[in-house]
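As structure tokens, here come the structures.
In what follows, chain A forms one complex with chain B and a second complex with chain C.
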Partner chain A sequence: MAPLLEVEHLTKIYSLGGGTKAGRWLKQRLTNTVPHQPRLHAVDDVSFTIEPGESLGLVGESGCGKSTLVTMLVRLSDPTAGVIRFEGRDISAIPAKRFGRTADRGRIQVVFQDPHESLNPRHTAFDVIAEPLRRLQAMNGKALEAKVRETAERVGLPDTLLGRFPHQLSGGQKARVNIARAIAPEPRLLVLDEPTSALDVSVQAVILKLLDRLRRELGMSYLFVSHDLNVVRLLCDRVMVMYLGRVAELGPAHDVFTEPGHPYTRALISAIPGAAPPGGPVRLEGDPKSPIDPDPNACRFHGRCPIGKELCAGTAPPWVPLGPAHGTACHFARR
Partner chain B sequence: MQHFLYVLRENPITVIAFSLFALIVFAALFGPLLAPYDPLASNPARALQPPSWDHWFGTDQLGRDVFSRVLVATRLDLTIAVAAVTISFAIGSVVGTLAGYYGGLLDQAVGRVTDTIMAFPLFVLAMGIVAAMGNTVENIVYATAIINLPFYIRVARAEVSVRRHAGFVEAARLAGNSDARLLAMHLFPNILPPMMVQVSLNMGWAILNAAGLSFIGLGVRPPTPEWGIMVAEGATFIISGEWWLALFPGAALMLAVFAFNLLGDGLRDLIDPRRRT
Partner chain C sequence: MSNVPLLEVDDVSIEFRTRSGVVKALEDVSFTVAKGEIVGLVGESGSGKSVSAYAAMGILDAAGVVTKGRIAYQGMAINGAKERDLQALRGREMSMIFQSPRTALNPIRTVGRQIGDVLRRHGGATRQNWRERAIAALAQVRIPDPARRAEAYPFELSGGMCQRICIAMALACEPKLLIADEPTTGLDVTTQAAIMDLIANLCRARGMGALLITHDLHLAAESCDRIVVMHAGHVVETGPVQALFARPLHPYTASLLAATPSPDRSLDDIGAIPGNLPDLRAPLPPCRYRTRCQRALEVCDREPLPALVEGKKEGTQGAFGPLHPQPTANAAGQLRSGDGSAVAPGGTGGQNPPHPNHHTVRCWNPLRTEEAA
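Up next, the complex of A and B:
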């Protein structure tokens, strides 16, 4: 079967500083030098696929490019380079500004991190769920109402709460409204951006169960962004580990957790309370290198890596296959 | 409606503000019908009479009834203020929203223009505009609108720029909203509460500004009844003991400004959905 989503060499680079274009031009003229413009590599040459009905976990620390990758995938921002193919169609060719008018808009949806902030304070739960249906599928009247009620029921939101404003709902109820809003236009790919991190622990489990059930019922694919590795392990078929804008490791969830190939993945697994990673615990110190103008000929993890050698400082690691569908970017990956 | 009554019960000051506001609007609508005397008819025989049952606020140097003049002036003063505030609100919210949402060069340009307007002493700027453009009521409206503009632009810009990356804005975009729709239907309604407070505070200020311009002889001209002119004309009689000429229009002016200032809080409570329980 053809993959639902194919991402090839996706890159997002932000040009930093230097003020306005006119200011840079003036400086260049006055000093007769080409000013160096620092470039922030937020996402650097990322490739992966998501199969229909599959759940892919995306993990990595804050600032590793997860959010940038997500906003590009869901077509809220434009990539600097690379291709995103959805059901075989190149959707990265359509500018983000115009993507809202295409038929694919409803087929890729997102559940955002903060359930409260993601709801318009002036809209009732009904309005929130109805909005994508009105805009994307031109529904109205009885059909719209029936569809909203059906969607609310699917996510376990009582009918009586539909008339309420966000501030009158609990955290769990707000999370359900957000999920209902995202699944209302019947997406094929649902991106979950840390959907439970802002919720109470007791509610988290309930929402995660709901998400797992919805995926099976509706046959959606998930891209599950999280830094809770236990959750990823439970809900995801495959896991992608990102470090400083690059893919560090990608493979089936079970393999990645039991036989991590990349030292960073091992460090992440070591950080799970009560975990006993193969090969002993790995502790990281310090902060990641700067994503601004990274050395293209060095491993991004070098300097923080427990096994880093001279080779890592001078040569970027190749992609090392570790098994079927499992690979890592490390010179010293255990095969 | 139920919510309106709830807000009134919650805060007694809001009751006072809304009653005063209702009174002012009523006077503006029906003042000319209710005035016991013609506000322009002079009667030298009854000049400078102190307040009495016949003339509640006394009469002025030409024998005109001060009460009738104060009452009739409400419409003019309120019209100037409402027109000026409407113009600044309309332009300010559009420009401020766009600057806050798109940022960049537009934001910088808008910021510099508002800074430039703010750099002038605003009343002096209004004087200059009226003096340069001509001494008419419309020009008072435009001058008042221009000097109020920066406040609306700044409030709208600030409120939009803190929300432009909020989850609900991204969610609206995912629902297929265009930028224009997103700004008008999702962002703008959310910045209304602080904007309404600004409108109310500004309304009092606009009345004061219009009266101030008339007081120094710009804009509305005698014998038109207008609070600022009446205070200006009455001021010369205070020394000789005829206090009622300046006091009553001054009190009307103060009451109107007071009412609009109090109204701001009440309006915010009414419009903010978070106060709805």
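Up next, the complex of A and C:
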């Protein structure tokens, strides 16, 4: 079967101001040179696939480009380079502004981080869930109402709550509304950017079980961004680890957690609270490299890497296969 | 005065007067934070953690009223203090990291300047050195390329980076008391570890005291000295971190632990806590956990909650004794802890706070030591 989503060499670069536009123009005129404009490599040459019904976890250091990647995949922002193929169709060429009106909008849905902040305070739960159905599928009347009720039931939201506004709902109820809104148009791919980090453990347990059940019932694929590796392990088949815009490691969740190949992955796993390995957690020393104008001929992790050598400073690491579906970008990957 | 804790919350009740009724957000809440220690405040959403923090900072919502008890910073009363005095305290002596950091930042000022502003107002920075110190503060919270990132606006940074900017701002004035409301929820575990190391170092080196509010029990277990567990506006259990997590006494604490994912648990192993937090506007039973509790006794409906301390009876681990030297009129004879040793009720107020290192619980039928282990 063809993958549901294929991402190839996806890149997002932000040009940083470096002064005002007029200032740059003036400088260019006066010095007769094109001033260098710093470029921030938020996502740099990322490739991966998601199979139908598969759940891929995305983890990595704060600021490594996870949210940037997500907003490109759900086509809320345009890539600088690279290709996103969904069900075999290239969707990266359609500008983000227009994508919202295509049929694929309903097939790729996203749940954002904070259920408290991502709901419009003036819309009832019913309106929130109905909105994508109205907009994308032109549903109305009885059919709309039936669909909203069915979806609410699926996520365990009692009928009686549908008339309520966000401030009248608990955190867990708001999270359910958010999930209901995303699954109402029956997406094939559901992207979740830290869906449970604002929830307490009890509500989180409920939502994780819900997500697990929905995936089995509806056959959706998930891209699941989270900082909680214990949660990723529970919900994901495969895991992708990013470091400063690049993919550091990708493989089956069990293998990545038990036999991490990349030293960053090892540090990450050793720092999971409550799961420190015998030698204690690996603390990363040294300053992280800058995402601005990174050296293309160095490993992004060099300088903080506990096992890095001279080679890493002068040659970008190749992709090293570690197993059938497991690989890492490291010169000294543990095999 | 070396025995005076940095922060003392003593028998505090807080109500919010809203249009839909009076929300009894906190009732008889007591805890302390001493110099150099990190105290973890845990509990479900809505249990009153942020309200406690706001009350300690003297920044309660206008609808919120402290109806009972005393909140003191180094012996100085916070509730009832003049706003001017509080403002002086908040800048220099105590600072807070808020729960939703993005909204706490000014969207149209670079982050370097925002940290600089705090440094100049409260941290003694000058026009000459504020920039340098702001960059150092960014480096401290592990922002890569701090000199250039100081020029960034909040929208140009990731969620976790904004969160770290707020942490840098809260630490910039070298507070004696730090109140951190979910400071690391948006951070990956290695960055979280670096931030917690930073806070722990400040506690060790400068004697800063910290109140760490978190949902993450693993994090609390790893970084805190003592834990305060709250449920629906009550403190239900307090104790040294190891004892509390190894032998939770309150059924609620045990349920919280059972809901927490960990490396050796599958989805089926983690269980949500049955029932919901009670509506804090409705009349409430003496124990607010009553309707969710599987160990409830008949006495739970009748009597005010007891305050018990573990191990008071010498030599017998797991035996409970009264928290306060003179038990109140409650019938001590009715009580048995699970292992048959005597449990005596204490007073229901906080007039005589226990030693902070005691493991205390407010429950008529606490878990047995063996059971919990």
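Heads up, the rule we're going with is that the second predicted complex is superposed on the first by the 320 of 335 C-alpha atoms of A that agree within 3 Å, B and C clash if a C-alpha of one lies under 4 Å from a C-alpha of the other, contacts with A are read in each partner's own complex, and residues count from 1 in each chain.
Keep this in mind: a residue touches a chain if its C-beta (ideal position, glycine included) is under 8 Å from a C-beta of that chain, and two chains touch if they have at least 3 such contacts.
All values derive from a computational prediction rather than experimental measurement.
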First (chain B), second (chain C), both or neither touched by A:125: neither
Contacts of A:43 with chain B and chain C, given as first, second, both or neither: neither
Chain B versus chain C as contact partner of A:170, first or second or both or neither: second
Chain B versus chain C as contact partner of A:201, first or second or both or neither: second
First, second, both or neither for A:14, with chain B first and chain C second: second
Partner chain in contact with A:181 - chain B first, chain C second, else both or neither: first
Contacts of A:148 with chain B and chain C, given as first, second, both or neither: neither
Contacts of A:110 with chain B and chain C, given as first, second, both or neither: first
Chain B versus chain C as contact partner of A:210, first or second or both or neither: neither
Which partner, chain B or chain C, touches more chain A residues: C
Overlap of chain C and chain B interfaces on chain A (superposed complexes): 113-114, 117
Complex contact set, residues of chain A against chain C: 14, 16, 38, 59-63, 66-67, 113-114, 116-117, 170-172, 194, 197-206, 208-209, 212, 227-231, 233-235, 244, 257, 267-268, 271-275, 281, 283-284, 287-292
Chain A - residues contacting chain B, complex: 20, 74, 76, 97, 100-101, 105-106, 109-110, 112-114, 117-123, 128, 131-132, 135-136, 165, 167-168, 178, 181-182, 185
Chain A contact footprint on chain B (complex, rising order): 105, 166-168, 170-179, 186, 189-190, 273-274, 276-277
Of chain C, residues touching chain A in the complex: 43-46, 100, 139, 142-145, 148, 156-161, 163-164, 185-194, 197, 215-219, 221-222, 255-256, 259-263, 265-267, 270-273, 276-277
